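Below you'll find a set of structures to go through.
Here chain A shows up in two complexes: once beside chain B, once beside chain C.
What follows is the complex of A and B.
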């Protein structure tokens, strides 16, 4: 038994080393940092002194941070269902098609996922720029209008569009793979019973896709909470609010304002929030 | 996510501001230097600043395009030292990485480029080497005096070696001006009249100039030229006045031009801005001394020769001539550098030796903070940029005059990085019609104040 435990540790060691070094340690360091506040006397450099929960108290009263969280929820409520809905439709259609057409579609839809998100966002940034945007050139030719993709009310949805473009293909492929695993006997039996295409989709395919769909949903929710790259890349192209996503806000608090303690507190709070949101879902998936 | 890749890409899209302001000392220092400059470019005795022995590689962070050419000259003069120039992004993109490296205590460069307006935010981190310990104070006489005030706020410790300045002037496209029969404006009133005339003549297609909605230092330079002072220290506390009456005067004026659609509002250093400038849709641009050089480089010499620089328009014809300053930067040495002496030598040499000073001027319009550089006849080489971009004009002369008209007592605060970004938010509200100029400036003042206080600074309001 003891021998077995040793062997287990040996096999786990590579993972544990990386996990401790790059996951656990930074989290503990962030908690440690978050306990400090700055004291300044006069105009000289600041001193970091223990401040207890002061940073956490500041965070829950920080309107900018709370609005960043609100943006995250709006994004999640709109973008995640749209993306997963699209992915289901595409996966179902793909499963019905055959041959070269299927292969071409599968690759094309999946391709955006292979493009680094910074590059994708740069290309979209160009497509969004007010005067150079080909969308606006087409719109202008049609009826003289233009969409300000980067204006404050729209930019969150412009980012949602980039994320949807990137991730729909990935979700589609996962669902498509899950569809291939459904035994064809079920379809045959259903057809013998007189089921239509739509009946099969509704009563067989979708129910059997549910476990996969739940998992993709969790991943998407977690992904939403980590939104950063797209907003960061769009920033030099116009005004993108500091708190458009919570992650961008805490990055700027750390790297721009050099306030690592406060950023640490924000990061811990954000992590706790995601844990609370996704925890029950994960538990339900593992139990079912 | 690979930040290096993002930043390289970034820097393609937004090379970014360089330069800063000017001086008082030019008044005193220039005549003396210009006499001697006829014979030679007065350089310090670099042998007083020996580097560590042995092969050394210096890591240098800078967004100055063409700095690698200057670095090669250094490697020829000092074969034991290799210089690796790394463009990790322009301005704030670099600063964010630099702050992180300083906090981490490692991973930073030996030498970095920092604009004067952002330098205080690095001084308070205690991460920059005090160069006075290496003898930097002996070099004071080689630089435009006010730049020394920027790198040595208390007059003792020295945190950087000045590289360049960015006094402001008006860069206009002569071809476009001629085509629409415009005259060169001397006052802001004339500027607005010509803008109206251009809008009528071109059916609103050509804009008089561009208002930079995401570059606070550009706006600040114009407020600076109008008498604004934004930051001061008083005893043990700071004073911040972002809603200075001069700021309101300037913003109200531009708000009028924006509302009448006489000027464009495109973010600077974007593909869209360069397209507007290069395709004749924007007739002029209010640019710092480094501006024509950056435009020449970024436009790849498109529209080269069509531009001319003229002094910044004034509020009244009979007032004493005034200008402001945008950008300008210095080279700092990080405390964490393992080759402090070599890093210091490189920073001094880069900004006082003739070879690199002229190379940087010609490749990226780096308008020297070095007095010998300013006085050098080589500043005017009609067949090289930035003069070539301006039809062979003596660009340096116009900007030298501008630099003499800049108020030299202009200070910055350590929380400027926040102020800089918050400006974008307020201007977005202004352009979107959600705030008046006064409301926008008051919000800028209040939100910046709140952030500074939250960060432990003692700030007073006048």
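What follows is the complex of A and C.
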């Protein structure tokens, strides 16, 4: 078996090479960078000096970062359950449909997942934009009102809608496939025992979908923590706060303010947070 | 907890009470009153179709706006109803405009997107197929630990990677080059995980043993026997890679500053920023048509490769 160990390593080498070079090293580099702070010494230009945990201390007290985290939390408890609930309902309904209508629905629901998020967000941006929005054209014609989709209070919901539009179909297809894997004998047996349709949904289908649902929930939470493109794309079209998502905030910290060390600290904190939230779930799923 | 346990429970006796905490007492003993009463009826067909149709319209709403907008000139986009066509239509002017604006840079972006997505898909699928094979078919020290570690990195936010990555690429001169976009995109932990599950289920170990006895070396077993059996897995992972690479926005945004290297996603958004800025020339009509063209390759791939995303894409999730 010894020679097979070497073979295994050769098969693994290409993946490990790119993984170490373009995944692991940047993370380690980010950790290293995060230990520095910018300091002005005397009258010279600001210098990067070793600051220990100073960036981390600053981050946990940073109102902008915390606001992004708060929005992320709102997303996690509002948008994710709404999206997954919708996906379950659609998957259950679709599983009972037949024929061409079912096929059209199945493909069309899934389509938004394939649309680049930068393009999808752009088009939704036009549907939201004060000058272009067809919704407001209709509202205006009806009673002269308008919804400011891109105003500070509403924009988070507007982003949530784009994310829901993009991902509901993907989640639905996954649940739909899991439904197809349930042996039909289970339903027949249940009917013999007098179970109604609702009993079957509640007591067979939903429980058997739970493992898939948990996995989708975790993927959605991870996705939520990485929200960037939608917020970034909407920026030129309306008012999108710099701190609306943690990722946008840390992008601006690095790309606009050129404060790489602080951005590094924010990134590490964000990754740790996701790890703490989703780690236990993933462990339970992979061990079952 | 999961499908494996419960799918074994096809014994009608306890079939309505699969193991697992969520179920518990929900089904209790069958209630005689319910017998025969609506036992097979479901949601009324009309209501079901209504809900599905409503969601169908929701999915198609942005497409409706684009298709309407591509018949309009830039003034009509503002002055006419967003979800209906323009009269007179300006479709052909827009088409010519799209491919000639700024010396036809749109075509260049389209070619760039194809090049990025094509090379990333080929490279990444191959790397994942080989790596997944190693995890599935060989034993080596700390295998499980390494696998879990790689999988765990899915949780690292992309910003955490891309910003330090930019500084590193800058040092080795890969910033503002195509390689700066392609090489980092080859890493795909989820693809590795998927390929491993495909190798686990689709290529029996006995076949490897038999081939070894017949004198095939490990490399030949992988290429000549394994790979041809892995078509579903390879196409599925390739499709995922292609979608990810075609849709990539964040990495090119950071790495590229020269517009002739942009992929479509980045290029169209630059047009939008210019169009929306004060004093910029608005080209929303071109952006609309360009957006439609930019999603065509994926739509075609989805329709043609339907069975792969329906069955294969979810293999990882339903595996439990």
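In this section, the second predicted complex is superposed on the first by the 281 of 288 C-alpha atoms of A that agree within 3 Å, B and C clash if a C-alpha of one lies under 4 Å from a C-alpha of the other, contacts with A are read in each partner's own complex, and residues count from 1 in each chain.
Here is the rule we go by: contacts are C-beta pairs under 8 Å (C-beta built on N, C-alpha and C of every residue); 3 or more make two chains touch, one makes a residue touch a chain.
Predicted model, so just to flag it, every value in this text is computed and none were measured.
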Based on the shared chain A superposition, would you classify chain B and chain C as clashing or fitting together?
clash
Figure out whether A:107 sits in contact with chain B (first) or chain C (second), or with both, or with neither.
second
A:130 contacts which: chain B (first), chain C (second), both, neither?
first
Looking at A:169, would you say it contacts chain B, chain C, both, or neither? Reply first, second, both or neither.
second
Once the shared chain is lined up, is A:117 touching chain B (first), chain C (second), both, or neither of them?
both
Would you sort A:72 into first (chain B), second (chain C), both or neither based on which partner it touches?
neither
So which one touches more of the residues on chain A, chain B or chain C?
C
So, does A:87 touch the first partner chain B, the second partner chain C, both, or neither?
neither
Determine, under the contact definition given at the top, whether A:151 touches first (chain B), second (chain C), both, or neither.
first
Kindly classify A:39 by the partners it touches after superposition: chain B alone (first), chain C alone (second), both, or neither?
first
Should A:233 be classified as contacting the first partner (chain B), the second (chain C), both, or neither?
both
Chain B region in steric overlap with chain C, selected from 4-12, 40-48 or 112-120:
4-12
Doubly contacted chain A residues - partners chain C and chain B
116-119, 122, 126, 131-132, 228-229, 232-233, 236-237, 254-255, 260
If you look only at chain C, which of its residues touch chain A in the complex?
1-3, 6-7, 9-10, 12, 15-18, 20, 22-23, 26-27, 30-32, 34-43, 48-49, 51-52, 55-56, 58-62, 65-66, 69, 77-78, 81-83, 126-128, 130-131, 133-135, 137-140, 148, 150-165, 167-168, 183-184, 186-187, 189, 192, 218-219, 222, 243, 246-247, 249-250, 253-254, 264-266, 268-269, 272-273, 276-277, 284, 287-288, 291, 294-295, 298-299, 301-303, 306, 309-311, 313-314, 317-318, 320
Quick check on the complex: what are the chain B residues that touch chain A?
1-2, 5-6, 9-10, 13-14, 92-93, 95-97, 99-100, 102-103, 121, 123-126, 213-214, 233, 235-238, 266-267, 269-272, 275-276, 415, 417-418, 421, 424-425, 427-428, 432, 451, 454-458
Could you list, by residue number, the parts of chain A that touch chain C in their complex?
1, 4-5, 7-9, 11-12, 14-16, 18-19, 21-27, 29-30, 33, 86, 89-90, 93-94, 96-97, 101, 104-120, 122-127, 131-134, 137, 165, 168-169, 173-174, 176-178, 181-183, 185-186, 188-197, 199, 202-204, 206-208, 210-212, 215-216, 222, 225-226, 228-229, 232-233, 236-237, 246-247, 250-251, 254-255, 260, 263-264, 267-268, 270-271, 274-275, 278-279, 282, 285-286, 288
Give every residue of chain A touching chain B within the complex, in rising order.
37-46, 58, 116-119, 122, 126, 129-132, 151-152, 228-229, 232-233, 236-239, 241-242, 252, 254-260
